[in-house]
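Both of the next two complexes hold chain A, though its partner changes from chain B to chain C.
Showing the complex of A and B:
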């Protein structure tokens, strides 16, 4: 599970719900291949993934609705393999092959 | 990080970190704990009586969906003996409400509950799309808020139901407490923090729509846990943003609450409890008289919010309505007028430069008689609207005043939008027809 592929990338699933999908072209589920190492050669973590999503995946210009002060906006829950990211080290959690990362907004209404 | 075990069963892997006390729970224990806490709220406040018919204000959003699911579960588990019905309000906003109403229809099937959908067009002769065509996007939230306030009561009356529950959660209440503090409006605290608000009626006839009890069983439930409950229970809910108020959920009090939660998660419940304690200290508050002697209509106003909050509740709705009031207050202050803008003072602000939808028509319509006695905001004398019979401190209730303005096609301050009206209305009428078919 934890080994990166030969080309150094890892395949993960990223999901958006609770209205957050509106910021990602109404895509609720993405299969992504991301670099196994970040800009500094450290193992890819959630902080890197969030930057990656902002820079390469998100088309909506309203980045501040997803990220605030370099981290996920308060009010957006992050579940790593269904577990609250607070149990997993928040944005320092090092992503592994096959991980499922879910971003759920609590900010939108019905 | 090594996975931690559930603090309760000590067997399964913990997936949830509870904001109120940092307890780590597994999925099953979390679901049970969440339900049990709502049960305790219900029993501790004697919220329901056996055999009671309850209408659940359902928007298809997370809060009302979770409320419906939990009430169904508890009603069966603890044998409350309740007759639960879903009640949805269709504001008539194409592309916003129609999708969420589909969700409510699915919920009705999933939970085996009857569903009643009541449209603004049916109640008032106007959909929100038509209202926006007439008054423009600025200020349309006022109409929506005023209409919705009465809509749930009217829907309940139609169903013969005396008690409506809404999905307001702890975050909503905390937000409202903060907004009232920021506005210096302590008297309103007791009405917004109280779990039950009721609208007393002078003439409580059988078909009266003015003595409906309102309550919020999720008052102590964190928004975060509501979303997690929906996620882990795979509930079918719909998230959306009102197309006429896309900025609403960025409200400042809401952002403040969420920031506080990140730093200290217990802050939300602490603010709720502080609000309750402060409410008890406010002289002349509703606490002293069971919450029924003063201005219950404004209470409903406050919690049901303006845009986006539908009958369940949703992000920013309350904020939006409060921000609206704040900005109205500021406008009034700039003009050297009274800061508290209630309908009773509206005749004073008719010269205000800013487009205040509330004053449209009203400034002309409110009769002068009895004006002086209505100037005290706290001690409103509740009577009935002479037009529709709805509870009102004015001779004509807010909804009727707004409607009269609309019907006379005289949006004083918003004339510039008039030219687009006709072609749009056709499309809207068709859309509404489609909705009606589904509404049954």
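Showing the complex of A and C:
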């Protein structure tokens, strides 16, 4: 399960919640196939995924509403298979085939 | 009298009658509240005084004087000072009122007594605070404090279920107290008028066992959380927007700063505030009543769970509760609920770690500016005055000769571009306006202006559409006059003004100004 496919890609699910879906053409759930290795030949991690989402998936030009200083902006939680990414090594977590990555923007209304 | 005068006079009469009616409704609500309180006072007095009546016959027909004096002395004692212990721990009416939760093993007599002995502070009496307060007061929490500085508005009523049409303009705290008192007069309610500030937070929170964050800005969320950590109070925090809600139980168990066995605080989860331009309010983004209601009800539920667990679980954390988690509610997703495992306390948290820099003294001194910490958006002012037109002058263009082209008024003389989202445009719009939602405009890449997009045919539909009528000036309008300015700027970047040959500008103050200054009947939503 955890190995990359023969063509070196891995299939994952990416989800958006709390309004972030609006930056991704109102899609709450994406099935993505991403490279198993990054530009330097290292295993793909969350940092690579964030760059990949920003550069190739996101059509909206307001990138600052998703990334800041090469990582997700403050106020966005990254959840790897339903756990806070802090529990998994933050953006250095190496993505496995079948992983579910959820990006949640915090809400403030009440 | 011309028809205009008649219309105006009728309008004035209606306005004056409406404000009179409003005032009467408010007076009625207050009078009803007072008479209700008097009635309950009267009842308790009567129950004290009517006790001797059954003995009246004996007293007037020769009872021994000593015996009589003894009985009178006993009867004149207030009930509390009678030395015999209370036979039952709850009052008779409480067994009846709370019977349906009392018989559940999760509550039981112990749980009910814990609720009765507990005090809870609800910060914010809006969409979250109203349902949370209703269920906590209904469940018999002994003392409930309410903090809010706002007054009730008509646009609150679809979700803020404690307020009512008759109490519009009344302070929310007062309105909520009236509703909660009529729901359960056994509960002590403590009003805290005014917004929470760093200077008042510690003294306000001090007497309470637990705090509910029902506020609506990032600044207040950091302040509520910091104060809870410093005073060792568990915090039940929720938020909602559009169709989504989030819920976290924070600082639970509420161990002192530096103790890693304590639950994470709001700063552990969100060390840095979000950029202000990413923060959307319910007024701008919208909110569905049952969505925020669900979150408020869940806050009441988590509060009842914590309070009935008992003080031992609160202080020593032995009966360690569930691990920290975030509940995400998405009304239009399937499944609607999702629970996420959260981090524990952050080793470098500014308030709950050994590296803490925020102390009660710092908070009380008022030197922490939470609003500045979270940042504010300056009012948008990106256009020069000759790129803007007032609502009144635009009205003249629609009715009179166009000062820009000298043409007779005609709907075709210009383009009126309304950039509100489609759903708002469909609620109401100015005749002849065309709609291009701001979300479409802002998601259009700006590099179209190099002309490459035009040549390659990749240009967005709306841009090429507007490129076709080069002669017509474009007036851009939105709800309040902010998005319209950004749109004008963007259209010029895209070269739609033909290098300055075509006038593009916005209507200052948007449709709100239009309603205020031109057409009072234009819907106010």
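To be clear about the criterion, the second predicted complex is superposed on the first by the 106 of 110 C-alpha atoms of A that agree within 3 Å, B and C clash if a C-alpha of one lies under 4 Å from a C-alpha of the other, contacts with A are read in each partner's own complex, and residues count from 1 in each chain.
Heads up, the rule we're going with is that a residue touches a chain if its C-beta (ideal position, glycine included) is under 8 Å from a C-beta of that chain, and two chains touch if they have at least 3 such contacts.
A quick note: this is a predicted structure, and the numbers were derived from the prediction, not measured.
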Based on the superposed arrangement around chain A, label chain B with chain C as either clash or fit. clash
Using the touch definition from the top, say if A:108 reaches chain B (first), chain C (second), both or neither. both
State whether A:28 touches chain B only (first), chain C only (second), both chains, or neither. second
Using the touch definition from the top, say if A:61 reaches chain B (first), chain C (second), both or neither. second
Which holds for A:89: it touches chain B only (first), chain C only (second), both, or neither? first
Interface residues of chain A shared by chain B and chain C, listed 17-19, 22, 65, 73-75, 77, 79, 82-84, 86-87, 102, 104-110
Under the stated contact criterion, what part of chain B meets chain A in this complex? 1, 3-4, 13-17, 24, 27, 59-65, 100, 103, 171, 223-224, 226-228, 231-232, 237-242, 249-250, 254-255, 258-259, 261-262, 308-310, 312-317
Across the complex, what residues on chain A touch chain C? 17-19, 22, 28, 59-62, 64-65, 68, 73-77, 79, 82-84, 86-87, 102, 104-110
Residue numbers on chain A that touch chain B, as the complex places them: 17-19, 22, 65, 73-75, 77, 79, 82-84, 86-89, 93, 102, 104-110
Given the complex with chain A, which residues does chain C contribute to the contact? 124, 126-129, 213-218, 221, 238-242, 244-246, 269-275, 277-282, 285, 287, 292, 326, 328, 330, 333, 338-343, 346, 439, 442-446
